[in-house]
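Common to both upcoming complexes is subunit A, partnered first by subunit B, then by subunit C.
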Partner chain A sequence: MTGRQLAAWALVALALAVVPVLLPSAFYLGIATHALIFAIMALSLNILIGHGGMTSLGHAVYLGVPAYGVAVMTMQLGWSPVPTILFALALGTATAALFGVLALRASGLGFLMITLALGQVMWGAAYRWVGLTGGDNGIRLSGRPTLFGINLTDAVPFYIFVALILFMALFCLWQLDRSAFGACLRGTRDQPRRMRMLGHDVWRIRWTAFVLAGFWGSVSGVLYCYDYQYVSPAALSLPQSAEALLMVVLGGAGTLAGPVVGAIVITAIKTIVSSYVDRWYTLLGLTFIIVVSVMPTGLVPGIAAWVKGRRA
Partner chain B sequence: MQFWIVQSLNSLAMGGLLFLLSAGFSLIFGLLRIPNLAHGALFMLGAYFGATLLASHMNFWLAALVSGLGVGLIGVVLEAVLLRRLAGNEQGQVLVTLGVAFIIADLCLLTWGGDPMPLGAPRALRPPVFIGGFAFPGYRLVVLGFALVCALLLWLLLERTRLGAMIRAGVDDREMARSVGIPVSRLFSAVFFLGAFLAGVGGVVGGPILSAYPGLDADMLPLALVVVILGGVGSLPGALVGSFIVGGIYNFGSALFPDFAYVVLFLPMVVVLVIKPTGLFGRVLR
Partner chain C sequence: MALSRRLLVQSGLGAATVALTGTVARADEPIRIGFLTVKTGPLAAGGIQMEQGMNLFLKLRGNKLAGRDVQLIVADTAGSPATTRTKAQELVERDKVHVLIGPLAAFEALAIADYVNTQKMPTLGVAAADDTTQRSASPWYARATASAGQCAHAIAHYAATELKYKRMTIIGDDFAYGHEQNAAFLRVFEDNGGKVVQKLWPPLNAPDYGTYVSQIKNNVDAVFMSFAGSNGFRFTKAFFEYGLGGKIPLIGGMTAMDEAILQQTGEDAVGIVSANWYSAAYDNPANKEFVAGMQRDYKIDPGYYAAGPAVAGAVLEAGMKALGGRFDDREALMKAMRTAVITDSVRGPVKFDDRGNAIGNIYIRKVEKKGGKNVNTVIKTYPDVSQFWTYAEAEFLAKPVYSRDYPPAKNLEN
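Let's look at the complex of A and B:
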């Protein structure tokens, strides 16, 4: 790691650490925690969209399935936190492994449609399979767990826990970006035919990316369940998938900071708007249209280009 | 026995409705290369228009026609104002249709509220029909017949008219069609109108079975997606066959395993994706 990179990572850590000091009330710290969890989700989706060029509209599956896994294991079977978390991560990742096989039968818009259809199937299952999921009422947790002797009930320890995991996710995805696999993945995005001619197994690279995205999505799903202490079919809904996609596109697909910025902006807008008016979906729709029409490359690349232009 | 016969009929009626929904979706996808994610919302909008018109005592079929025209007009505006500017940016176009779907759904909730609105079937078609000692709900037979007539008309339009020939040429090879002088952009408007019109009419005709309620869009869109994944993109026979397969599976699934109505849809999709990823009647689009 070069000095500049080390400084950048120190800055990220400092920014994450300073939030609880700047936002002393549990309410605002809670909103910051939501934003960081969605940042992890957006980062995981960015593996597919930004690096793999595969637009998925079913990423809520990897938020909702592990969240239901946590809720069911904790409330109905009484498992303790560590095995519950491991089970939920395995469940989400295994779902990604299976759905990846199906969705990658197609590419481009076909891929998008299949991921959307699979997402709606899971949403329908959560909605109708009342015996397991509680249907529309969802499942309420009795509280946050104690992990490694630390009780996560209060806002500050839970924030620190989430921030640590986000930091880990950022670091892992940065390494992925720089690895040979990351280069291969971008190769399959830009020139799949050439990659095939070079002897790479394009399908396997894409499938691996899909499973990785599913794993990191599952991480966000476990945190989501502990954060809200509640899970309902909304976690698996199309608007949830669309919000994650919007976070990636708004922040800047293919950049490391983009999904985080997008998640923070969207969570802030959603929180502020929801406290005044009921029309979040109209605003979500309008944001989609505006982002696509006005800044298709997203905030982070847009601002970077603007800064560069001013320096020159 | 009664159960199987009635459920089979319900399946056929559902298949007919799904055809009205997905024929337009499939044609739009075939020609414009956009999965129009607002299609479920357009269907719902048609149902709400129909419910409003029927509440003011309009004739049922006239209400279906007027709602269809209204929804068709909205489709044309959507295509001309939002989608055309994004030509070539397919991902952007999909996201815009999704944004429009959210806006339509939210405005429907704002306008018509959260309670389901019933649509009454035409009075003459309400009494059950008796065939061989079994009572059939008469209206469902009419829905099936109506969908089959629409399928026939669409087939004639696509196979026997100049406009249809141009649409087929556009679906097969858009660039080549453009270069031999077919006004592909104007075709886009025509096909978008046709697709939205069918969805709007479908919303009204399906109304007495499904009624108009918030979330109808989210219930219908995945069905249309599965139909098109099964039948193949841009293919009318594919949409017809896919609709009846999905209608049957969805209906019997809901009746036999109510908890898993959506999950059983998954099975035909998996089978087709594994055997023939382009769908039963699909070809690779250029």
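Let's look at the complex of A and C:
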């Protein structure tokens, strides 16, 4: 790691650390926590979209399935937190491994449609399998867990927990980006035929990326369940998938900071701006249209290019 | 009246200073009501009527309850459980409201149930989910409207004993609200000698009810429908388009013939019998004033959605009056509201059972054409109906919650 990179990471850590000091109340810290959880989800989707060039409209599966895993294991079987979390992560990742096999039979629009269909299947199952999921009444969690002796009920410890995981996610995905695998993945995005000619197994690279995305998505799903302490089919719904996609595209696909910025902007509009503006959905739409037309590559690359242009 | 948010933030700063310095509520402080409703998305039509009903109720009271000024703070839940929770936190933790009214949908109410419990926040719900006042009742939650099954019990009794139906088809939206109504109907109808021979579950967003209408058996005495939102109107339209209207009688649950869709349904609606805890045609002074106000301010007849907050407002007022206008002690306020006996709300008399659900009149209503428009004329009143109907509470609660498959239908025919 170069000195500059080290400084950048220190800055990220500092930014995450000062949030609880700056934010005045548990309420705003709670919103920051929501934003960071969706940032992890958007980061995981970005592995597919930004690095792999595979646009998925079914990423809510990896938010919802592990969230249901946590809720069912905790409330119906009475498991303790650590095995519950491990099980939920394994469940989400295994779902990704299976769905990857199905979805990667196609690419482009076909891939998009299959992920959409698989997402709807899981949504339908959650809605209908009332015995397991409670149908549209969902499952309520009785509270946040105590992990390694630290009780996560209050806003501050839960925020720190989520921030640590986001930091880990960012670091892992940064390493992924720099690794040989990351280069292969970008290769399959830009020149799949050439990669095949070079002897790479394109399918396997894409599938591995799909499973990785599923794993990090599952991480956000577990946090989502503990955050809201309630899971219902809304967590698996198409609007949830589309929202994650919007976060990635708005912030900037293929960049590390983009999905995080996108998640923060959209969560802020949804939760804070909506208190002041009645037509906040319209505002969300307008924001998206403006960003896409002024900065087609997203906020982060757009602003970076603008800053560079001013310096030159 | 709803204040602008900016104004609220400014006045909120003052309140926050008070909170920081640890002093209790000032004697002249207004009561802040946090109002959760849906203003965007598919449920917004009902959600906006909820807000109109609440605004009108406060306007008719001169924006004062029990002599205290009122600040209404409206939050949009967007019909999403996660957003509902965030908005509830916003109202409770940031705006420091004294009481919550809402939210609209059952899954929204369930999403905040444990939050209002841990925060000890007095909440007056309007969502119908049975278990919020049954198996998972909370001391901080009261519902002045009705559980989903409550009205269906009454109309099932009416169908079996007065309309003398023997064999019926039941059809409803395929989600918890439809399931709970149909299950409640099935139980009471069969306990009174009827037989449910067919159950149909169209999905909530069915594009066309034709395929379901064509499945209805032609040898049933009547069809019971439990639909939400505009689905009752859409189903009735299809029912008539396919020629069943006039041949097989149609009766409805709590929202199937709601005033919100009654005019659109037109001639087809005339003669349809339904059950609700409210009717815009219900005759008492409070309701006359309320209906006139809704027609004047919003050009609509109030129905389930608009009347719910007006009843909740009356409960809050009664609770505050019992405490001499005080509301700073949450425990006392909740207790006063749950033990209040209200005689003159827009739905008539209402009080609460020990699980926080309303005991009140259920009206059997028949759609009639009066003065060029459809009205839900009350043809029979079941007085003081509890959510447990005539069953013993302990026995009722020992059984599973009403669902798609419970109680089991023993008389289905293929």
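Observations on the structure shown:
Operating definition for what follows: the second predicted complex is superposed on the first by the 290 of 312 C-alpha atoms of A that agree within 3 Å, B and C clash if a C-alpha of one lies under 4 Å from a C-alpha of the other, contacts with A are read in each partner's own complex, and residues count from 1 in each chain.
In this text, a residue touches a chain if its C-beta (ideal position, glycine included) is under 8 Å from a C-beta of that chain, and two chains touch if they have at least 3 such contacts.
None of these values were measured; they are calculated from a predicted model.
When the two complexes are overlaid on their common chain A, residue A:Val130 makes contact with subunit B and with subunit C alike.
By the touch criterion defined above, A:Arg140 lies against subunit C but remains apart from subunit B after alignment on the C-alpha atoms of chain A.
By the touch criterion defined above, A:Asp154 lies against neither subunit B nor subunit C after alignment on the C-alpha atoms of chain A.
Applying the stated contact rule after C-alpha superposition, one finds that A:Leu118 touches subunit B and leaves subunit C untouched.
When the two complexes are overlaid on their common chain A, residue A:His34 makes contact with subunit C while staying clear of subunit B. Measured by the number of subunit A residues touched, the leading partner among subunit B and subunit C is B.
In the superposed pair of complexes, A:Gln229 makes contact with subunit C only, with no contact to subunit B. Look at A:Tyr281: by the touch rule set out above, it reaches both subunit B and subunit C.
Judged by the touch definition given at the top, the superposed model places A:Asp201 against neither subunit B nor subunit C.
Overlap of the subunit B and subunit C contact sets on subunit A: residues 127, 130, 239, 280-281.
Listing the residues of subunit A that touch subunit B in their complex gives 55, 57, 102, 105-106, 108-110, 112-114, 116-118, 120-121, 123-125, 127-131, 237-239, 242, 245-246, 249, 279-282, 284-289, 291-293, 296. If you check the complex, the residues on subunit C that touch subunit A are 5-6, 39-40, 75-76, 78, 80-83, 85-87, 89-90, 93-94, 106-107, 110-111, 113-115, 118, 129, 131, 136, 175-176, 179, 403-404. Interface of subunit B with subunit A (complex): residues 29, 33-35, 37, 82, 85-86, 89-92, 94-96, 98-103, 105-107, 110, 218, 221-222, 225-226, 228-229, 233, 258-263, 265-266, 269-270, 273-274, 277. Residues 25-28, 30-31, 34, 127, 130, 135-138, 140-143, 228-230, 232, 234-235, 239, 270-271, 274-276, 278, 280-281 of subunit A are the ones that touch subunit C when the two sit in their complex.
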